[in-house]
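After this come two complexes, each holding subunit A, first together with subunit B and then together with subunit C.
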Partner chain A sequence: MFHKKFKSRFVAVAILSTLVGLQSCKPKTAATAVSGDAAQKVYVAPGQHDEFYAFVSGGFSGQVSVYGIPSGRLFKVLPVFSADPESGYGYSEESRNMLMTSHGYIPWGDEHHLSFSQTNGEYDGRWLFANENNTPRVARIDLKTFHTTEIIEIPNSAGNHSSPFITDNSEYVVAGTRFSVPFDEDEKDIPISSYADKFSGAISFISVNPESGRMDVAFQLKTPPVNYDLSHTGKGPSSGWFFFSTYNTEKAYTLLEVNSSQRDKDFILAVNWKKAEEYVKAGKARKVKANYAHNIMDEHSFTVQSTIKDEVLVLDIKDLDGICYYIPCPKSPHGADVDPTGEYIVGSGKLASLIPVFSFQKMMKAIEEKNYEGTFDGVPVLKYDAVLHGEVKKPGLGPLHTEFDAHGNAYTSFFVSSEVVKWNVKTLEVIDRQPTFYSTGHLTVAGGDSKTPYGKYLVAWNKITKDRYLPTGPELCQSAQLFDITGDKMQLLLDFPTIGEPHYAVMIPASKIKDNQVRIFDITKNNHPFVAKGEGETKIVRNGNRVDIYMTLIRSHITPDNIEGIKVGDEVYFHVTNLEQDWDLPHGFTILGSTAAELLILPGETKTMKWMPKKTGIVPFYCTDFCSALHQEMQGYVRVSPAGSNTPLRYGTGDTAPKAE
Partner chain B sequence: MTTSKKNSLSRVTKILSFLGGLALFAVIFVPIWKIELDAPQYPEGLELKIHADKLAGQVDIINGLNHYIGMRHLSENDFIEFQFLPYIFAILGFFGVLTAIINRKWFFYIWGGSFIAFAIAAMVDFYMWLYNYGHNLDPTAPIQVPGMTYQPPLLGFKQLLNFGAYSIPDIGGWIMAGVGVLIVFCGFIEIRKK
Partner chain C sequence: MDLTLPQIKYIKDMKKIILIGFAALIYACGGPQTSNNEAENAGTTTEQTTTTKDVSEYDPHRGEGKFKDVELGALDLAKAEKGKAIYDMKCQSCHKLTDERLVGPGWHGVTQRRTPAWLLNFITNPDAMLDKDPELQAQLEICLVRMPNQNVADEEAYALVEFMRKNDGVK
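Then we have the complex of A and B:
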């Protein structure tokens, strides 16, 4: 009896301990992956500044967010492709035109990738370029003001995904189309099934004026119909070349999930843009009809001019020798990334289980020896083995994107196996791998796409968050993960949430930007047509039913703050100038019933709100930005009289306010 | 010969008077005094610089803030001193150089004495302006603290509501102080030298 009981207990204990043993065999979870000194490494004490700025794409938010690294603190969300009621961007009369396209006003965009302007392959801290995927556009953000100062639409393009990557001296920003479509010059009302014969791909080269940054679609390459995904500039020896990843070389037009994944290899398209430029200069490009918007902000009137352009220069790549070569690359490549030396080109096939690394030297040799395996729509396809430096074997599943440090290492993100992997570019050996939470898309090494990576930090931009933060209903934020990459092993330091969906992001040493910041706009240089440069210049001008109010704001009053003689049916424009010339003193302006969001007006700026009063009554307006101790006193009234009434136009502030009649 | 030597200046006094005279010319072109202001909202600080002929620094910003307490607008036109101060410095500078050339004790004493008298008068004048601005406040000002005045210190630090005001000589003021010290030093030499 005793014996039996003991035996059964023994069996129970044995089973239990086996189960416990199995449990401890399960790999460690996220909670245990952070080591001791991580907190210290990301702690930026109150009042201290971060070492790097990170500019992070906002995906379907259409905006760009600015973070400090290593703290992961959010500084600002820059309005770029989406209207922003917080600042009035896209609502004010001055800024509405920035969101104009050939389709009219569009309040939203899908922002994926970013590039800093470069000089000699290094970030120069002047401008940031951002792409819009849905209605193809490229924006330029001035890093002195962090304002979007220019947006250009891309003709003949549909889904501007392979953009806005930049050449090593900022000669061109590129824009490769995701969707191939018929060009404007071709017949467009055609069956979708005519994809292979009638559709074309477009790769645009947008020139950047070296002084002003002003953009212009210099020329477009008309290519066989495929999808362009990502791209990167050559540098050093490969300067003058650009590398674009392609997929759907199957030319599928339906169920791409399956139909564009059939071929064992798609291509990286190597483009000799210097040669293309020569062809354009030699008059080989055709001037064709197009239709696209170009929006530029004037820096002294803060006003955006939008013009529609109707022509573009096109080079047909199949007709011209020496511009384009296809490099076979396994399984629908996403990233096409060039290492800091400019010799190695890394393709990341998102369905592949290896990473091919191509050699620029070998590519040039193969081109010279015409070592082709055939042609694709008239364009030579180089032999895979002739161009290959080697393959990283079993790196992980679903490689997406690769960046580099200054010590010959590459870092690749893996979506499917949810990890970042460090490997040596020359030896192709995997050095370290760390899990990410979860499913990284792009990753960023500080300066990791330039000739001189700063290294130190890597951020993985994750697509799935699930249990990482306090839940916020079914819709969760996306996330970033910061790693220290100074050692052999990558060390996870920090998780932080992001705005919208982060795709690519770029990081730059703070010193390259923070000393050039504009603090105020010099009011003496303000040449807005409706500026009032002092309270003495405030006035109201009626012209039929159009009423222009020249208004000023200064701590802590509005001039004029009593306005009478406005009538139902009037078209009223509040042209509001912030007279302050002091750092960090914006004023806001809004009026009850405004359908144009608010205005946020920086020192020395003038912004305009259009207001159409619909009801008789007394309507209050006020300053919306807590500017001073007497901010709450910064207010006024408009008297709206019935249409056709003869209330005289009277206005003023304090002693000059209209008195009883 | 002996009387002439007795009434003439030592080499040190001549050199220092000459240099002091030149230095006083320089005062015309540099700020003489400065009032530094800082507050929780102004970690970067604000500065008012007083020259012989103008106000400099962030005058507009300071005026913008002063309107809350009803302090009079700082305006260059209100200061008649700006009209003639540069000439006084020029004359005093010229007399310093002349002291070295004329080489007479009595001339040195007149120059030194008038400079020191001028310096004292200037400080008194400055104090009176500070008093005036600090006390004559607009009775309808938005911020009124019973019993509170806003006179910045003549020299040194004083807390005025949320602003700390720190009043010190700027380059020109230090030059004047230096010249004053040299004059006293030289005067001492001349008196002792029989």
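Then we have the complex of A and C:
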């Protein structure tokens, strides 16, 4: 009897432990993960505002989306690296220049990471920087207008992944290349198998003008050929340093899946950028040939100037002392993240089963004592143990990225084991772990990469949703999961779907942005070369087969709305000015058969659409953005006559419309 | 007992606190429900314009806004000239200078129909007045387009009124 009872107990324990085992492999269901007050915590009543803005990278959409947190409501998709028919970005004559590169016009980009401008290590709410991975570029978005106002291409780079991370006073935005390639100055038509000898890595430092935000590639570091993944600025004691994760220190150039995972450790590259800056000032940088585009929007004319630059300053890191040191880091690290105190550097080795935490103080001591384990292509490699603060043991599988709160805690995302893990930076003890649904890439704590984290919320950005939402055919949405991190345990509050692939995101208190919003563009300051400041300035100018139409919009008519004398083969430019001066009153414009997208014109703005009429006939145009009770009346006609005909140029609206001949 | 100044202040503050507490109580009973995101996240920002609490306080001669009793003397020609430039940019699309209606009514005779304060208020504070002024509401039924706020500064509004007076033949 006793024996039997014992046996059944044993079986029960065995079943239970099997269940527990299963449980730990398979994430909990939503029902067990979400507790009762979650809905209340994310409910933002109608007419109320969210507490935080989240700017979320759009991945292969090329754009950046803007959400409210905690509600998870989508406010806007900002056009950055991809053309956007909804706003006319990349289609209007002005904005096409923003997408110019050394390869010509490119309508698409792969947008991965974001950084807010910082002052003293804190978000200052002025600008948002975004990177483009495929054709290496960095964009600056003005947070007063939410417009992309500048894009700069990165020379000698290929796959701008380790970007656009920023120094703690916005001195520089960095751009570390994913693919090492031969520099423009080197021989380029060479065998791929010469990777180890002839290829180079590039880390670019893009200066940011403290007043205007204007960017410039100040200098580049030419490095051994490896892959750069992510990076973050030092702060406080480590201010002046930047930390870049590297992988493929094996220098593989084929089947990287296997060949770049051979070594036990790759590196975090510590860069003393203040020192590099000194070398540049001392004239130690070489001026080399390069080829890259720089596009800048003028805020009063709304036009974009695109120029091609042909030079860049380069520092070879192997030739200069004191700029770069390698910290060994297991294995193929993704995140290189610095805690708010600036003392601890966390490497998240995406194939490692532990998280190493390095100490800045120890690093400085090791440098001082030349405590090297050797060199890598002429650059010193510090001893792992000399720099290590400690390791978080068995944290989970596939650590990717770590952010921080203001209470000494770190939060790391785990791709393979689909979870977020909270641990203490000093003691390295795991405090809590919560499942995510599924396969988290990056995570975001509000202010979590700055000197002053706001905490409160954490969002996990998931690559896979499987069964989480109503299915939408073979392609499913990717998603975000919001956690409350005010307690010891993280509490799952909300799932919401995202645009494209949410690689990375940054969150900022709404108060840092919402009161600085530009509501209208002052029409008196509009100096677009084709503006019409009032209906009295509307006109049509023909010059050969080029026709410039100076047009105005106001609720609810277009001036001129009757146009005659346009001919097949003409190159017609509609320069459309919105005369409204009130918030939230854009007008749209389009014409039948337009091969561009619509124009969305904000109050006080002028935008231009190019139109090449191909057929004789009467062609209507209209306002595309519902503006008033008489929106449906906001329309006009162009009479297109055959090529070579002599229909006179006549135009007007109402009393001034062309009369019967 | 000798009441020193700080204590007096303290007593005053106590009164204030009691008053505030009382007001808060009233608010809690009759005010709008707020969610867990408190007033700091309120959607409506403080408007620059002044707004009366209810329609019965509305003065149809003065309108509503920052202008009260405005007396205008002889026509200021230079100002009227500036007003013309603003009219060309911001008003002409909808208002003719005759008595003919385009989108909004023609301006001929407007300075006889309206007081200067009403005109200045309507130019600078159109939304609040469109919500309250009975004549404006009657006019909206005909025009169907709310007069837009064209972001006209006070000085510019004065210039526009001078231009209206010139248009009406004031010397």
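Quick note on the criterion: the second predicted complex is superposed on the first by the 633 of 661 C-alpha atoms of A that agree within 3 Å, B and C clash if a C-alpha of one lies under 4 Å from a C-alpha of the other, contacts with A are read in each partner's own complex, and residues count from 1 in each chain.
In the analysis below, a contact is a pair of C-beta atoms (placed from the backbone, for glycine too) under 8 Å apart; a residue touches a chain by one contact, two chains touch by 3 or more.
Since this is a predicted model, take the numbers as computed values, not measurements.
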Superposition on subunit A - do subunit B and subunit C clash or fit: clash
Partner chain(s) touched by A:520 [first = subunit B, second = subunit C, both, neither]: second
Touched partner set for A:555, first subunit B, second subunit C, both or neither: both
Contacts of A:50 with subunit B and subunit C, given as first, second, both or neither: second
Per-residue contact with subunit A, leading partner among subunit C and subunit B: C
Touching partner for A:545 - first (subunit B), second (subunit C), both, neither: neither
Subunit B versus subunit C as contact partner of A:511, first or second or both or neither: second
Partner chain in contact with A:580 - subunit B first, subunit C second, else both or neither: both
Subunit B versus subunit C as contact partner of A:630, first or second or both or neither: both
Listed stretches 5-13, 95-103, 113-121 or 149-157 of subunit B, narrowed to the one that overlaps subunit C: 149-157
Doubly contacted subunit A residues - partners subunit C and subunit B: 554-556, 580-582, 628-630
List of subunit B residues in touch with subunit A within their complex: 44, 58, 60-61, 64, 68, 142-143
Residues on subunit A engaged by subunit B in the complex (per definition of touch): 554-556, 580-583, 628-630, 633
Subunit A residues within the subunit C interface of the complex: 40-41, 43-45, 47-51, 510-511, 515, 520, 522-524, 533-537, 552, 554-557, 559, 579-582, 585, 628-630, 654
Of all residues in subunit C, those that touch subunit A in their complex: 33-37, 40-45, 88-90, 92-94, 102-103, 144-146, 148-152
